[in-house]
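Following: one structure in structure tokens, then a few remarks.
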Amino acid sequence: MRNKLKIINDPVYGFINIPSELQFHIIEHPYFQRLRRIKQLGLSYFVYPGTTHTRFEHVLGAMHLMSNALHELSKKGQTIAEDEKQSALSAILLHDIGHGPFSHTLEGTFFKTLTHEDLTLLFMKSINEEFKGELDQTIQVFQNNHPKKFLHSLVSGQLDMDRLDYLKRDSFYSGVNEGEIGSERIIKMLRVVNNELAIEEKGIYSVEQFIIARRIMYWQVYLHKTVIVADEMLKRAIRRATVLSKNVQVFSTPVLSRFINEQITDNSIKESKEKLKKALDAFAELDDSDIIVSLKEWAKHPDTVLSELSRGILNRNLFKIEISHEKFPIEKINRIKQKVKEKYKITDEDTDFLVFTDIIKNKAYSTENDTGINILLNSGKISDIAEASDLSNINTLTATVEKYFLSYPKKLNF
Amino acid sequence: MRNKLKIINDPVYGFINIPSELQFHIIEHPYFQRLRRIKQLGLSYFVYPGTTHTRFEHVLGAMHLMSNALHELSKKGQTIAEDEKQSALSAILLHDIGHGPFSHTLEGTFFKTLTHEDLTLLFMKSINEEFKGELDQTIQVFQNNHPKKFLHSLVSGQLDMDRLDYLKRDSFYSGVNEGEIGSERIIKMLRVVNNELAIEEKGIYSVEQFIIARRIMYWQVYLHKTVIVADEMLKRAIRRATVLSKNVQVFSTPVLSRFINEQITDNSIKESKEKLKKALDAFAELDDSDIIVSLKEWAKHPDTVLSELSRGILNRNLFKIEISHEKFPIEKINRIKQKVKEKYKITDEDTDFLVFTDIIKNKAYSTENDTGINILLNSGKISDIAEASDLSNINTLTATVEKYFLSYPKKLNF
Amino acid sequence: MRNKLKIINDPVYGFINIPSELQFHIIEHPYFQRLRRIKQLGLSYFVYPGTTHTRFEHVLGAMHLMSNALHELSKKGQTIAEDEKQSALSAILLHDIGHGPFSHTLEGTFFKTLTHEDLTLLFMKSINEEFKGELDQTIQVFQNNHPKKFLHSLVSGQLDMDRLDYLKRDSFYSGVNEGEIGSERIIKMLRVVNNELAIEEKGIYSVEQFIIARRIMYWQVYLHKTVIVADEMLKRAIRRATVLSKNVQVFSTPVLSRFINEQITDNSIKESKEKLKKALDAFAELDDSDIIVSLKEWAKHPDTVLSELSRGILNRNLFKIEISHEKFPIEKINRIKQKVKEKYKITDEDTDFLVFTDIIKNKAYSTENDTGINILLNSGKISDIAEASDLSNINTLTATVEKYFLSYPKKLNF
Amino acid sequence: MRNKLKIINDPVYGFINIPSELQFHIIEHPYFQRLRRIKQLGLSYFVYPGTTHTRFEHVLGAMHLMSNALHELSKKGQTIAEDEKQSALSAILLHDIGHGPFSHTLEGTFFKTLTHEDLTLLFMKSINEEFKGELDQTIQVFQNNHPKKFLHSLVSGQLDMDRLDYLKRDSFYSGVNEGEIGSERIIKMLRVVNNELAIEEKGIYSVEQFIIARRIMYWQVYLHKTVIVADEMLKRAIRRATVLSKNVQVFSTPVLSRFINEQITDNSIKESKEKLKKALDAFAELDDSDIIVSLKEWAKHPDTVLSELSRGILNRNLFKIEISHEKFPIEKINRIKQKVKEKYKITDEDTDFLVFTDIIKNKAYSTENDTGINILLNSGKISDIAEASDLSNINTLTATVEKYFLSYPKKLNF
């Protein structure tokens, strides 16, 4: 047992303690160890070379913060039973287990309709079976079926331990220090009121700073235009390989090929319990390295579109990307497509893989507008941050912003 | 000369180089060395024990940033002659030399009408005389009389080196890490357009974060309610000593007594050149230690009001402070005054020293609304941050916020 | 009570919790608040401008580490009763309360034979009386009379919380990052074996690094030659004022004058209980500010020796200092003395105040050689670090090193 | 050109400037971009999850320090022509380009006799051909054929920019803060004397700390026993796959298979210029991802030895490892081998893949004893650190330490 309570070195918090045996066993599980091979921020290391950190580190960090938050709330008189603590700790540890290669980058690529949250739930249930129901309550917390609603909010909510960790951690590794948030200060100000999380009034400024720091991290890091173009090129390379492989020989790693050849799809998951288990096992084998290895072969493939995209990613020879607040005029897009078509001698259909436009949203906000952040006023009343803050319109900070991008190969000689 | 170009250890930036002999001589001047004895943040160490750092460090840090900024602008093609660089460096080094004990806390206490900027100018001129005009251009820059207007903006403007240093430094020493700004990133994005400073478009988010970080530092640190009450008690202790000393024996340090006894006032400065020089010399001798030593004697003075205030500050046994968005009702104030009057057996007039109410403004903003922050759009156009930012109403972030406080001795047994 | 368990912001550890009411009351005591006015590192801010931090912060930090260490040892199965924890926490909080102005700089100046540890004990006993014996066990721990010897070792020993804090803290404020030690890692590796502290075997390298970091901090910071000369000038200024004041008028602050005029000496403490209390109260009023204010007057005193020394310190116009591994030849010293005597037109006796030589030892080590650092080998055996380390002669790292310095006014025109 | 001088975000130094176009073109080269896919510290992320940083970041960091060092030396009067600066900058940028997957871990695996330095030179020459001789002088510096010997020392020597970066960087990512070195301080103290690098006398303590920090990083991180066992398992898995593939079908990624099937060996490089180019291109395609993908298939291979090793690495289910200062007794080893043989039902020969013992040396030191670190004494004389330091036997700090390890599968039920 001694060994199971060991300490993990973490550059962000110094040391992370594994709180109990249950978490130790989760961490040991191959489904979990896989997170070591999945970068937290997809291809953002093309812009911020330090961001090669993994989902593995992030969930350990989030567990560390959860441990602090539970300790803090208990100290302030909130009753949380030992098994409830275990559930919250396990839920945050497992909350990202459904992520695939390069995290958000390839979401929607291997399973069209299943989100990473859906997959997380499927993985949790699968591990729970192995663990003979030990995770029943963990799943309750994750799905917000637990009577102590605030436990779910700590896992997934406006100020959950997920965000408190990732903003701090991504800021650390990117070197964008001004995106650093006061995770510890916010945790010190947590309270539970009427079964909901709230922040003490004096924490208003920390919450405001949290909102703006998230904003800076979105536009400076997560949605940096170079990251956008790299992500889009990667998605298109995989789609191209999928399409091509119906007719010609296209190498993929054994694990990836099952997805490229569409042996495993959203449907496999629904058909039968065995198929589901098989699909999960297959997905659990997939990680960043399958993509990289496949790209290296694709870069040598005779198909110009596939090789152009793949080589571009591997050698960081990325397409040009333009950003605009308005939609790009169709004439401009067509003019570029024509150029590309001529240069590469490809069909119209193929050209769509090399010239593309879309909308970028700082999506993370949109869903968050549903629930506000509760402030516990000194008077004892609960107020929404939007009202409690002097910033009469803090909502504008969290509004969804939409921008358009247009991307295409460099050196078109206009 | 070797020795004069030496390197100073700084916990914020690592190393600070003294750029040239002129700055070395300024730093050696007793008027300047005095800044070692003046805390940057007054009494804020009552809340943030780490904030015992001095004006001395701050101005060295600001000079370091100025050096980086000038280097950056030159690299981008802006012509700045060597003597202009020297002037900008000397101007930022001297910009705070007019500060008195505990910096902002006691502004308006020793000279009623002269601000620390006024005093800075007087000190600059005095040193310039000693330096035989070597600081002529420095003074031009400081007073915004230099044709290269942007040099003045680097010393005093929306994004001057003063702010870029103090926000970073105060955040560092207070431990309020979320107030950290991206000084270096902002400097990398500086440009001069039409003789004015501007920030490249991709720097918008850094500027937004700078604005919100300043906000958090104001409310969390500079205007923390415990700091407010300590500041107010100190101002009242000095005023009380001044009043008392007209009739009874009140010890002050030799240097302070010249101000307490009103031998030196705003008028002394205007009367004659000798009197001015004498006043400056006197003020240059005054520092935090005079206040502390005097407080220690005042704490033992028979006058209850003086001793109560002084003991409270020394032992951090501060008055109670209430904060409100509205004015406190006169009845409430009177009720408290009555209690205090009875408890301390003092006159109505004396009670006003122990029960006080006033308004707090995050003043720093108000003046700043005059000039905006220029953003150099990718299109080449200049736009104000308020327009360039997605935050439709970034102005609300910089609006002056007013709060009221009411303060009085503890343990009144209501 | 709520308020008493409050949290203190600390730039080194983030947040420090006050563990219980007893510590809160100690912190509130005026004897303790005084530590806010005593710089941790004397005059080292002349070299490292960031080192204006105080004893107050240091003891809070050491208490924080003690809290972590006690938690860690308990987790590993060592029984420590609640009252024993309280005693260890209070002992570390109070361990430096006997320090006078500028900490080590002026040790031996106001009381000739009493060390700061002696004074600490006297202050502890005095507070204990006020606290009606609540500190009985605390004093036991401090004096190493408590049966759980390891509690004393945590307060004062090879790897006590005092050192673990000050090395980390002084490294932080000086900017000498390479002097940073792994305080948290060392604490995680603490064990109690046979009532003594030991470090688990895997901690050997951290202990080695701790020893070398201490070494770097000694020579780079604590014993930096510029700090040495400033310290020595200050001691001599005070001695000069003491000597002079027997014959002529010399201003000192009211508090300091009682020491300068020798109203309070080592003897006062021994004579009677009242005199002891009076002496402690007087010493408790003394802080850095008394020295600074007095220096400002001394700088204007007609006595050349006093004014020369005082002005030099105030304006950081320090004497020249030479360092050597050997004693300086008497002829050289005499030659310099002659020059100084002539230049200042002073007596031989007075010259000794301006030309001085002495030995510097990294004293802190000498006493430490008594007890070694216990390593708990994986085999279960206890071994001294000197044997357990691959560094066959780690002792050389801790040996007392002696250097000589010779100091005298600049600009002697040799 | 504007774009080519861009700035890279780095969490360790903040910002890194690409000094000139030549470096920009090197960084753009696919051989160089490949370093993004090679972890700096092999499998150490099994112990320090933060250490997923890459060779790419390290060489950029080393280039940044080189830039500072050249600036510092120039400032001190050392003549360094612009083309010499370019060469030193390019040499440090390219010095690690010969590293293969997982850096040091697999050195000697794909090419038996060629070290990564040999490969670096081959890559440099190949790029130089492409660059039409632009790297002639760079290669001179790298090979120590340049008349300014100190340029080579900055690339490869006792205190080269390589070490100054990697110690700082690896300490940062591992969270072993006490291994942090004062890179910037050491650089500030560099001097060139007689065409050799030296450190100013006051830098002695920084050098001592550098030596001890390297020591702590070796034993705490680089040679951590868990890292050792993971490394050894990986090497054996690859060897096993190589052996097996002679007889049975063993999947490897297309790139790796050329090495596993021994199409490319040390010999290919010597045979002809075409074969050399082909071998380099093949090696340049190889990275961490090939190993991971292959391990995932090997984990499912019917060969027990291969699958046991591969699964162990993937799921961090590592073998037990014992460390000793003495050789392990042959009887003990044989007893374990017998157990393993029985448990896995394998031959004696196969057992050697699962039970292994070897020696660990902190190798990095051994070669370094050749040349010392020059200290430029205040007297103007040059002395070796071993003499200049008070540490009479600093050499013991750098002596090669040898330890033995014995490793075998867990759960053998002794």
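Per-chain residue numbering starts at 1, and chain names A, B, C and D are given in the order in which the chains are listed.
One rule holds in what follows: contacts are C-beta pairs under 8 Å (C-beta built on N, C-alpha and C of every residue); 3 or more make two chains touch, one makes a residue touch a chain.
Nothing here was measured: the structure is a model prediction, and the numbers come from that model.
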Open item on the list: Applying the document's contact definition, name the chain pair with more C-beta pairs in contact, C-D or B-D.
Closed with: C-D
- [ ] Taking CA centroids for every chain, report which one is farthest away from subunit B.
- [x] D
- [ ] Find the geometric centre of each of subunit A and subunit D from their Cα atoms only, then give the gap between the two centres in Å, rounded to an integer.
- [x] 32
- [ ] Between subunit C and subunit D, tell me the centre distance in angstrom, where each centre is the average of that chain's C-alpha atoms.
- [x] 43
TODO: Provide the C-alpha centroid distance between subunit B and subunit D, rounded to the nearest whole angstrom.
DONE: 50
- [ ] Hunt down the residues of subunit D that sit against at least two other chains at once, touch-wise.
- [x] 14-15, 176, 185
Task: Contact footprint of subunit A on subunit B as seen in their complex - done: 176-182, 185, 205-206, 208-210, 212-213, 215-216, 219-220, 390-393, 396-397, 399, 401
Open item on the list: With touch defined as at the start, can you tell me which subunit D residues reach subunit B in the complex?
Closed with: 7, 14-15, 184-185, 188
Task: subunit D-touching residues of subunit A, taken from the complex the two chains share - done: 8-12, 14-15, 28, 30, 33, 36-37, 45, 47-50, 52-54, 56-57, 60, 172-176, 251, 253-255, 285, 287-290, 292-293, 296-297, 314-317
